[in-house]
Every structure is written in structure tokens, then in C-alpha cells.
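Structures given as C-alpha cells follow.
First subunit A sits with subunit B, and in the next complex the same chain sits with subunit C.
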Partner chain A sequence: MSRPVWGCSGLAVRYGATVALEDVTFEVPAGTVAAVVGGDGAGKTTLLRALAGTVRSAAGSVRRPDERRLGYVSAGPGVWGDLTVDENLVFAGRAYGLGPDQLKRRVAGLLERTGLAWARDRLAGRLSGGERQKLAFAMAVAHEPDLLILDEPTTGVDPVSRAELWRLLAGAAAAGAAVVLSTTYLDEAERAATVLVLDRGRSLLAGTPDEVLAATPGLVVEAPARPEGIPSWRRGARWRAWSPGGSTPPGARPVAIDLEDAVIVAQLREDQRWAA
Partner chain B sequence: MWAMAMKEFRQMRRDRRTLAMMIVQPVLLLVVFGYAASFDVDQVKTVVVGPRAGQVAAALPQRLDVVQVSSSHGRQDAVDALRDGEAVVAVVTADAGQPQVLVDGADLFSARSVVTELRGRPELPAPEVLFNPGLKTSAIMVPGLMGVVLVFVGTIATALGVVRERQSGTLEQLAVMPFRPRDVLGGKLLPYLGVAVVDLAVIVAVGVLLFDVPFAGSPLVFALGALLFLFVTVGTGVLISTVSETQGQAIQLALLTMLPQILLSGLIFPLQAMAAGVRWIGYLLPLTYFVQVARGVMVRGAPFDALLFPLGMLAVLGLAVFGLSIVRFRRDLAPAGPRRDADSADQAQVEATTSRAGAR
Partner chain C sequence: MRPQGPGAPRGGSPADPQLASAHGATKRFGELLAVDQVDLQVAAGEVVGLIGANGSGKTTLIRMLLGLLAPTAGHVRLFGGPPSRRTRARLGYVPQSLGLYEDLTVAENLAFSTAAYGSHDPVLEGELAGVRDVLVRELPLGLRRRAAFAIALGHHPDLLVLDEPTSGVDPLQRARLWETIRASAERGAGVLVTTHHLGEAEQCDRLVVLASGRVVAAGSLAEVVGDTTAVEVRTPGWEAAFTALDAAGLPVSLVGRTLRVPGAEPGAVGRLLADAGVPADVATVPASFEETFVVLAA
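What follows is the complex of A and B.
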């Protein structure tokens, strides 16, 4: 049996006269993690909301499972701060129609997986940022959804909790769910099976991380000082620059690019196109 | 300090709602309430019955506004007319001797003005005050104040509860869960309605036991009126929540709906004493009709059919306010494309394709 593929095709979303998304096509096969990357206002949240069905599309189509087979973690806290961890999970389970026995088993399993068993009677509002995100994740997967959507689940979360959240996301995908998350962290996006980079509501790059890297034109070079005459940016203590023609400026050396470089190059090209 | 004041001015200028509340509202309230603030009742509705009704009616003081004269009716009809709220004073004439003057003590200010006038004129008969013989303020204020308590619980608590959901960002989470908007709204409101009903029972008990407020009529009619009124107040709460971004805004708006209700509903100032220009506002307010029902049932023992009009008005207001609030709340929770019916099969895919014309 073929795995279902969720996503959207030619999707456009408008808020009044403002174009939030334009002609975005994106696919998330079951059992994989997809990352939506972009700066503030790029349209990440709008895309995820359109996938979840809370934003009306102006054009294009969205393929999503039935709402009872969908899990969603909003960019907000996503949990009820004045309910305990246990009560939050029970509410989410009941909302998705789990029976008492099933609910009890799932809650116990999720508390174990997320390491929140010790906090089950603690008010969610008193959890740390990372713990709250893990609870929100647990609530979104309590009903074992086919499509799991998470809006910036790792923003503002410490590195240890980020790693744990990724372990949980990978676990959900391994169990068969299609997982879509938005993030501003490009190192994180590299762990995803597919990446969509949004810029001003349009798709800038899309594909597997390898495909995105391979599609980057020209040459990226590294130098101890800022190279003259070509677009450059800082990476740690050194400079990187993009040479569209593929030539290496004096004092610089070609480097293997990562997703961050690819996104910056794509952004530079887009800026050049807008300027033209 | 100047920098701080400038920053504050700039913020104030941007928050137009608060600015309007600070400048426009006090002026508006003073003008409206200034015209409403009067305890002086000039005209009191009067029925005159008995064999010499026509003759006596012609000789009554100006203040008594005769609305019905019937020589075929007797004292019991006069008492019924007062109980049903058709008049505040009933004059019962006999073939011989002085007529009796019955006064509805539930209409406190009208009753007091009539009693004072009649007692000051020995040639006129001494009035007999019915329903609230001691003309006690608590007997008529407490039933009305129950309405104010219900406004507090119904409107403010509901508005805050719903706005909290929006402010904390969990409304978005609810929008994605497989709830229909009416499930979210119903589930959200049920606890508040439950608390309000318990509140109501407690305040009725306190009113009756502590303040000796009579409960002359049918508890069922009272309960019906209270439920209809709760329906309106809770609907108002939801409506407020749909136009408020923060709990602070919700409280401001809720207070804005409460003040006119307290001052223009006849709870404190009699509606008959208000200038016609503001009295009509009173007739648009739900508390006006709840006060009529509560005083009617508790103090006068008015039967269901005598309260049909205020009960009907509460129902109409409830439908209008609740209907509007549901429409707006649905928009807050509005799903995008066609969502599947909650009862249909699992696992199906949804192809949510909308045309460009369908854009919101």
C-alpha cells in the first residue's frame, strides 16, 4: 500500500489585500519529517494553518487527513496553563474521542516518552519552555495522528530540550505520521527529509536538503577577511561569499555549503531579482 | 519624566478604544444618566372600578392618570389589575361611602408619591398599600439586584473566560481540534451557566431569608425569567469576547454594557420618571425586563400570563444577542475549506479546493 502524501499545491492565501502565500506547493509523505523555513513574516505560520484548515485559501488545493487524524501545535503555548499536565493530556485525548482505557494507556505512555511523568500533577503554566513544548507535542500525538503539524516547536527552547523534541518528532515519523514543522533554525531543518524555504509568501527553495544544496548555483567561498566585490556574510569568525560565476576570489577557498549557505544564496538571488 | 509622559501619550493615542472610553464615555454617560436620574413620578397609571367609577374618576387628582374606568368591575378585579402590572393605583368605588384606594407597593416611587399626596389631603380616602405594605426599599431592590448579580456572572465571567482562551493562544488549538463551534461554545458556557444558576439560588435564598423579600409568585415563572435573562447576559459576554483582544478590553466593554442597565432599567430610577429621550434606551435593555419579571413574581405574585411581555422581550433579546454572538464566535473559530462531518468515516482525505472568489 502506498504511503499517503499530504501537503498543498499552488496554494495562495490572502489577508485582505496582503498576500500571505502565493503559489506554494509542498509535500509531506507519511513517515517523514518536513521543515518549513523562513524569516519572520515569510508565511510559515499561514502555511501551517492552511494545512491544518484554520485559514481559508484563496487558490490552490490542500491535502490533509480528516480533522480527527490531524495533530497541531500552535506557535503559542498550545497548552492550558491552569490545567495540570495530566488534565491537559486527558482533555486532548477526549477531544479526539479516545475511550477511558485507551486514554489511560496513551497518557501513561506519553508521560513516559516525554519524560514528564514526574510533573503529571504540575500546572502546565509552571513548566519550563521545553517541558511545555513536550506537553504540547504529547497532546498533539495523543490520538496518533496521520499528519502532525508543529509551528516553531523549538523556538526559545534550550538545546537539550530541542534535542529531546527532535527525538520525539523522529519517533512520531517512525511510527508512520507525516510531520511538518516550521523553524527559524537552519541546522535543525537539515535533519528533515524535505525542506521548504519561504520568502515573502513564496517558495524560495524546496526539496530534500541534498537537492537544495545541489541546486545552489555558482560557488560559495570562505575567507578570513571580507571579500571585495561579491555578496558576502559572516559565519562565526570568518567570511563567506557567493561567486555567481564560480570563480574564487584571491585569499578565499571554496567550501562545501550547508543549508544556511544555500538559503542565503537563494535569498541574495531573490533580492537581486526584486531589485531588477 | 517628559520622555515617559510622551511615550504614554503616544500609546494612549494609539489605543483608540481606551481614549474614547476616557473622553467620550463620561460625557455621554453624564448626559444620558442626567436625564434618567429622577425619582419624581408625575403620572401614575390608575384604574377606577365600581358603581360610581365614572363620577369618581373625574374627580381624581391630576397625578392619577386614569387608564381604565369600569363600573362593572369590583375590588378583586382591581387587585388583579395591580398584580398584573396594568396600573399602580386602583380606586374601588361603592354605592355609598368613600371609595377605597389600592396602591401597588412594588412600584415603590409611584406608590410613595401617591401615598404622600393622599395622606396630605384628609378629604381623600386613606390608601391601602398592597404587596409591599411597608413600602420597604429592600423588597423591590433585592429582586432587581439579583439581575445585576446575574449580569456580573453571566457577562463579565463569560467574556473573560472566552477572551482568556484567545489571549493565551489556546483558541487556535481548539479551532484545530475536532469540535464543532457549537461544541466549543456550549462546553465553554455550560460551567458558567451552572455557576450562575447556583448563584441565583443562593441570592434568592439570601434575599428571602436575610432581607425578608416576599416570594409571592411561582418559582417556575421566576426560573424561566432568570434563565432567559442568563441567556442574554451570557450571549452578551460571548459577543464582548469576540470584539476584545485582551481581558482588560473585555472588562471595559462589559462595564460599558452594565452601567446603562443598572441606571436605565428601572432598577433604581423609575422608568416613568425618565425623560422620553432616554427612556427608550431602557426598553432595549434586558435588565429592564428581568426587573419587571423578578418584582412581578416575587413581590406582586404576578402570574405567567401577566408577564408574557417581559418574558417575550427577554426571549427576543436572547435570540438576537446569542445569535449574533454565535455568528461572530464561529468566525473566530472558522475552519478554512469544507471540513468533514464529525460522523463520517476515518482516514479519508480532504481536498480543500477553493476558488479565488472564495477568498475571505
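What follows is the complex of A and C.
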């Protein structure tokens, strides 16, 4: 049996006259982790809400499982701060219709899996940012959803907790779920199976990280001083620049690009298009 | 006002070229040892990254350097002397919350800051000039960050302290913010950046890694990573391999369809996979900075 592929095709979302998303196509296959990347206002939250079915689309189509087979973690706290960790999990499990025995087993398993067993009687409002995100993850997977959607689960979370969260996400994918998260960190997107980069509501780049790198036109070069006449940006103490025609300016040398370079080049091209 | 010409002294003093330094700085809050004998220096013209998990002591250390907290033991120096009200005028600080008045315009925030520092009104350049009369609250995050930078840099500080300076913005805006930070360093300012974002670490000249209040690594990115390794696992069935390694309590991570286990021993990983009946190629590879950090923080 082939695994289901969730996602959207040609999706447009409008808030009144404002175009929040335009012609966005993105696939989230079961058993993988997919990342939606973009800055503040790029449309990440709108896309995730559209995938979850809480925002109406103006055009295009969305493929999602039945809402009882869907788990969603919103940006921000996402937990009940004045309930304990245990109570939050029980609340989530009951909301998804788990019976008493099933609920008890599931809560115990989730507490162990997320490393939150020590905090089960602690108020969720008193957890650290990373612990709260792990609790929100546990609540969203209480019913073992087919599609798990997380809106910026690692923003403001420290690197140790971020690594633990990624381990939990990979575990959900290994168990067969389709996982999609949004992030502003490109080093995170680089570890996802597929990536969608949004810019002003449009799809800037999409594919596997390798496909995105391979599709970058021209040449990215590195130089100790700012190269003249071509778009450039800082990378540490040195400069990087994009040579659309593929020539290497004097004093520069070509470099193997990473996702950060690919997105910057795509944004520069997009800016040129908007300016024209 | 201090002279700001190119010949003006930028270091702490002839005897102490460091703009900011901590020597055995220690801070205890009751039972909690928040910062434990930390040494740190920031010299003119360099960008130093202070990297640590939550609770590692980053914020306490910064507050001591800024003179907002007195060390329990050891000492801190700012511009060659103890931190004081006077040294505040030579500092530019951008907190993660940005410290802007959201219901004032960009120009009003700027006027407030220049009045406080007694400095000249800096010129708002490029896109910022176009939004000078817009309420800060109504600006997108990228522009808000740039406004906070322009205001913090308005009095030409000798030392810039930036907390998570590019959090939440897209890569092009992040590169533009780093252009501003680097330009300040090239004009001779020292820059201390605290960040969670390990991709940001490669923008710094030097890193200081804190864990549980102590410096666990310091130096260039290459020096910090050193010979830390990860075990890379390539297998047709990553799901089974992941499940087996995760169940064994290893800090396994998924990168595309490859698994990585920082700090692990390849023989042990190979045996675990063989016992689970998962065919896999196991190899030792250099660790990334993020993986090194997780190993150091453990």
C-alpha cells in the first residue's frame, strides 16, 4: 500500500483584500518531516492553518486527513498554563476521545518519551520554553495523528531542547506520521526531507534540500572584500556574492552553497522582479 | 562627549586593550551557582559569540558585564575600569525584546534615545527613512530590528551587546543586519552577541560556549568543534534504525534520510543496529557545531 501524501496544490488564501498566500504547492508525505521556512509575515502560519483546515482557501486544493486524525501545535505557549502537565495531557487525550485505560497508558508513555515524567504535577505555566514545547508536542500526538502540524515549535527554544524536539518529530515520522513544521532557522530546514521557502505569501523555493541547492542559477562566490557590481551579503568576516552570469569576479572564489545562500539568491532575484 | 574621530582611543586603556572582560567572574544566587569562574574578553574590532542553552548563565554574565549585577567573586572590567553609570554612554545594547517604545514612531524613539545619550541625531538610511513616522508597533519585525540597531548605534558606542540579534527574520534581512554589525566592528567597536541560533555562530570571529555557568569551550568555530565526531548511519530503512537507536537512549537525529548520533562510538552503534536486525553503513564523521554543542552541554 502506498503511503498517503498530504499537502496543497495551487493554494491561495485571502484575508479581505490582502493576499496571504498565492499559488502555493507543497507535499507532505507520510513518514517524513517537511519544513516551511520564511521570515515574519511570509505566510507560514496561514499555510499551516490552511493545511489544518482552519482557514478557508480562495483557490486551489488541500489534501488532509479527517480532523480527528490531525494534530496541531500553534505558535506560542500552546498549553494550559494553569493546569499541570498531567492535566494538560489528560485534557488533550479526552478531547480526542481516548478511553480511560487507553488514556492512562498513553499519558504514561508520552511523559516518558518527552522526558517530562519528573514534571507531571508541575503547572505547565512554570515550565521552560523547551519543556512547554515538548508538552505541546505530546498533547498534539496523544491520539497518534496521521498528519502532525507544528507552527514554529523551536523558536526561542535553546539548542539542547531543540535537538530533543527534533528527536521527537523524527520519532513521530518513523512511526508513520507526516510531520510538517514551520521555522525561521535554515539549518533546521536543511535536515527536513522536503522544504518550502515562502516569501510574501509566494513559494520562493521548494523541493528536497539538494534539489533546492541544485536549482540555484549562476554562481555564488566568496571574497575578503565586497565584490563590485553584483549583489553581495556578509558571511562572517568575509563577503558572499551572486554572479548571475557565472563569472568569478577578481579576488573572489566560487563556493559550495548551502540553503542559506540559495534562499538569499532567490530573495535577491525576487526583489529584482518586484523592482522591475 | 568623547571625541569620535578616527584617532580616538577605542580600547579600554593603554594598559588594558580589552573593551570588556571577566576574570574568574562568579555569581551565586543562594544555592544556585549561576556563573562559575568565567573568563571572557571582547577587544576592539572583534565579534564574540556567547553561546549557551537556557539556564547556562549567559544572561547573568551579561548583566555583570553591564554593571547591573555585582559578581560574588572575581571581577569584571568595562573600558578598563569597573562598570559604572559613566561607562553606560559608551555601550550600545539591543535586548531580544528590542527595547523600543511600540506606541512611538521610529523618529520619536530615536529622539528619545539621542536625548538620553546627548548624541547627535543619526541619519535614518534606506528603508528606515521611509518609515520614520510609522509607529514601531506597525512595522514588520525585520524593520523593527533595524530600527533598534540604528538607535543603539546612534551614539557610536565602543561596545555593542546584542541579544539574539536576528531572531525571526528571513535570511536576506539577517545578512543585512550582520552587514551593520560587521561595519561597526570594522569601525573599531567590539561586539558581544548572545544567541541560540547556532547558524549565527559562524558569523562570529570567536566563540565562548557556556554550560551550567562554566566555559566549556572557547575559540574559533573550528577550534570549538575540534575533533568532536558524530556517527553517521546510512540505511535503506531509517525508521527501524531510528527506533532502535532512540530506544537505546542515544541522541539520534534525522537529517534527510540519514541518521546522525553525535559523540557516539561507531562500534556500539553498529552492534545496536545489528542486534535490531537493521542493515546499515556506519561511519565516523566530523560533528557539526550544533552537534558539538549538544555534546558539550551534556
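The working rule: the second predicted complex is superposed on the first by the 276 of 276 C-alpha atoms of A that agree within 3 Å, B and C clash if a C-alpha of one lies under 4 Å from a C-alpha of the other, contacts with A are read in each partner's own complex, and residues count from 1 in each chain.
One rule holds for everything that comes next: contacts are C-beta pairs under 8 Å (C-beta built on N, C-alpha and C of every residue); 3 or more make two chains touch, one makes a residue touch a chain.
Values in this document were obtained by computation on a predicted structure and should not be read as measured data.
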Checklist entry - Putting subunit B and subunit C onto subunit A via the overlay, clash or fit? => result fit
Next on the checklist: Between subunit B and subunit C, whom does A:A50 touch in the aligned arrangement: first, second, both, or neither?
Outcome noted: first
Next on the checklist: Once chain A of both complexes is superposed, is A:E260 in touch with subunit B (first), subunit C (second), both, or neither?
Outcome noted: second
Item to check | From subunit A, separation angle of subunit B and subunit C (C-alpha centres, steps of 10 degrees) | outcome: 100
Item to check | First, second, both or neither for A:A142, with subunit B first and subunit C second | outcome: neither
Checklist entry - Which of the two partners, first being subunit B and second being subunit C, lies in contact with A:A193: first, second, both, or neither? => result second
Checklist entry - For A:V62, is the partner it touches subunit B (first), subunit C (second), both, or none of the two (neither)? => result first
Item to check | subunit C versus subunit B, contacts on subunit A by residue | outcome: C
Checklist entry - So, A:L181: does it touch subunit B (first), subunit C (second), both, or neither? => result neither
Item to check | Which of subunit B and subunit C A:R234 touches, first, second, both or neither | outcome: second
Next on the checklist: In the overlaid three-chain picture, which partner chain does A:L70 touch, first (subunit B) or second (subunit C), both, or neither?
Outcome noted: first
Next on the checklist: How many Å separate the nearest C-alpha atoms of subunit B and subunit C in the overlaid structures?
Outcome noted: 6
Checklist outcome for this item: Interface with subunit B, subunit A side, in the complex: residues 4, 12, 14, 49-50, 52-70, 72-81, 92, 95-97, 146
Item to check | List of subunit B residues in touch with subunit A within their complex | outcome: 168-170, 172-173, 175-179, 334-337, 339-340, 342, 344, 346-356, 358-360
Checklist entry - Once bound in the complex, which stretches of subunit A touch subunit C? => result 31, 33, 38-42, 128-130, 155-163, 166-167, 170-171, 173-176, 184-187, 190-193, 199, 208-209, 233-237, 260, 263-264, 267-268, 271
Item to check | Complex interface listing, subunit C residues touching subunit A | outcome: 47, 52-56, 140-142, 167-173, 175-176, 178-179, 182, 196-199, 202-205, 238-240, 242-243, 246, 251-257, 290, 293-294, 297-298
